[in-house]
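Shown next, in structure tokens, is the structure this report addresses.
Just so it is clear, A, B, C, D, E and F label the chains in written order, and each chain counts residues from 1 on its own.
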């Protein structure tokens, strides 16, 4: 991927940090399966499955650990 | 999501921190599947499944690591 | 849950810390499924399953990381 | 469990630390299912399953993170 | 593997760090199954499966924690 | 296991650290199932399965976090 999508891990607020964690989680998927049509077809498989949603939330939680540490937990 | 739901990771007590970890875990699900009707339909799938509940507890545990570190473990 | 069940992450010994990690793991389940009858019915599903027990042990391990860090690993 | 099985996280060597991580992983199982006969019956279920062994190794890895940090990685 | 594929964990940018995390995740697979033909045959199994892609993204997230810490989160 | 297989977590390079992480992951399996014949029989079960390989890579990633921290990420 030639474009710049991750210039920094620093965000203004915890909420923006959480949203960056979601971006990281999705990028992990896209690097593994770059074909957008395949990804769209797979969406119902996890977005309508309790196990799939919990698994997605877990990856976000792991990435949020990284982003939170990078931002010193926005302690101010 | 335009509303502010995560202004800070700081909480007064460990218990409030644990409850924030639950909020983070649920938000990870809601960002992935924003449709509330679908989420309601899926609830019995994990809330009545031992594996589903253990998986939910694991996501909470990961988020609780983040919140606990943010609060210096409420060491006082 | 209105009652106070987590006043502190500090424990006198590593073993008490491990037991607190178990409490945290169970609370993660109870917050997700508060109905005690349902929880009792689900117990055989994981307590008699090798996969279920390993998964339970993993959640405890993650929470024990948090409690151990909070207590500076009881290095004393 | 009334007996003392975890007086300290400190070990003399990394290898003893790894073995303590195994003890922690097994204790997580035993606290969840204290009946030794049930545990013996379940053993073939994971010890003869590739997935079960990988899952067991993962719990050990998580506990080894804790024990290693407690010992400052035996940097000496 | 005799060749040098990991001379350093330091990268110029977070994005390069994320890509190194992907490399680490793939190397973990290749060390376990070095046969390239088998790996190619298995690719559709996870690249066309929602669960498989989420699992791949999780391994990347864990390795990205390591690379991010190594680089002090590129705080500058 | 009476022999010494883990005298130190310190390695000269990140790549040797990654290989030590693989050793740790395998030892976690061997402590749980010491019978070499059983382990050989199980090998095709995970080495020819996409899910099994991703799971193996995840355990390596967790152990690599430990080894990397022990070596201060080979920054020096």
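Here is the rule we use: contacts are C-beta pairs under 8 Å (C-beta built on N, C-alpha and C of every residue); 3 or more make two chains touch, one makes a residue touch a chain.
Predicted, not measured: the structure shown is a model, and the values here were computed from it.
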Compare the CA centroid of chain B with every other chain's and tell me the farthest one.
F
Please work out the Cα centroid separation of chain C and chain F, and write it as a whole number of Å.
27
Computed distance of Cα centres, chain F from chain B, in Å:
31
Where chain D touches two or more other chains at once, by residue number
46, 49, 51, 55-56, 58, 62, 65, 69
Name the ring's chains in order, please, starting from chain A and stepping to chain B first.
A, B, C, D, F, E
Which chain D residues qualify as touching chain F in the complex?
13-15, 18-19, 22, 46-51, 53-58, 60-62, 64-65, 68-69, 73-75
Per the touch rule above, chain F residues touching chain D in the complex are 4-10, 24-29, 31-33, 38, 42-43, 45-46, 49, 51-52, 55-56, 58-59, 62-63, 65-66, 69-70
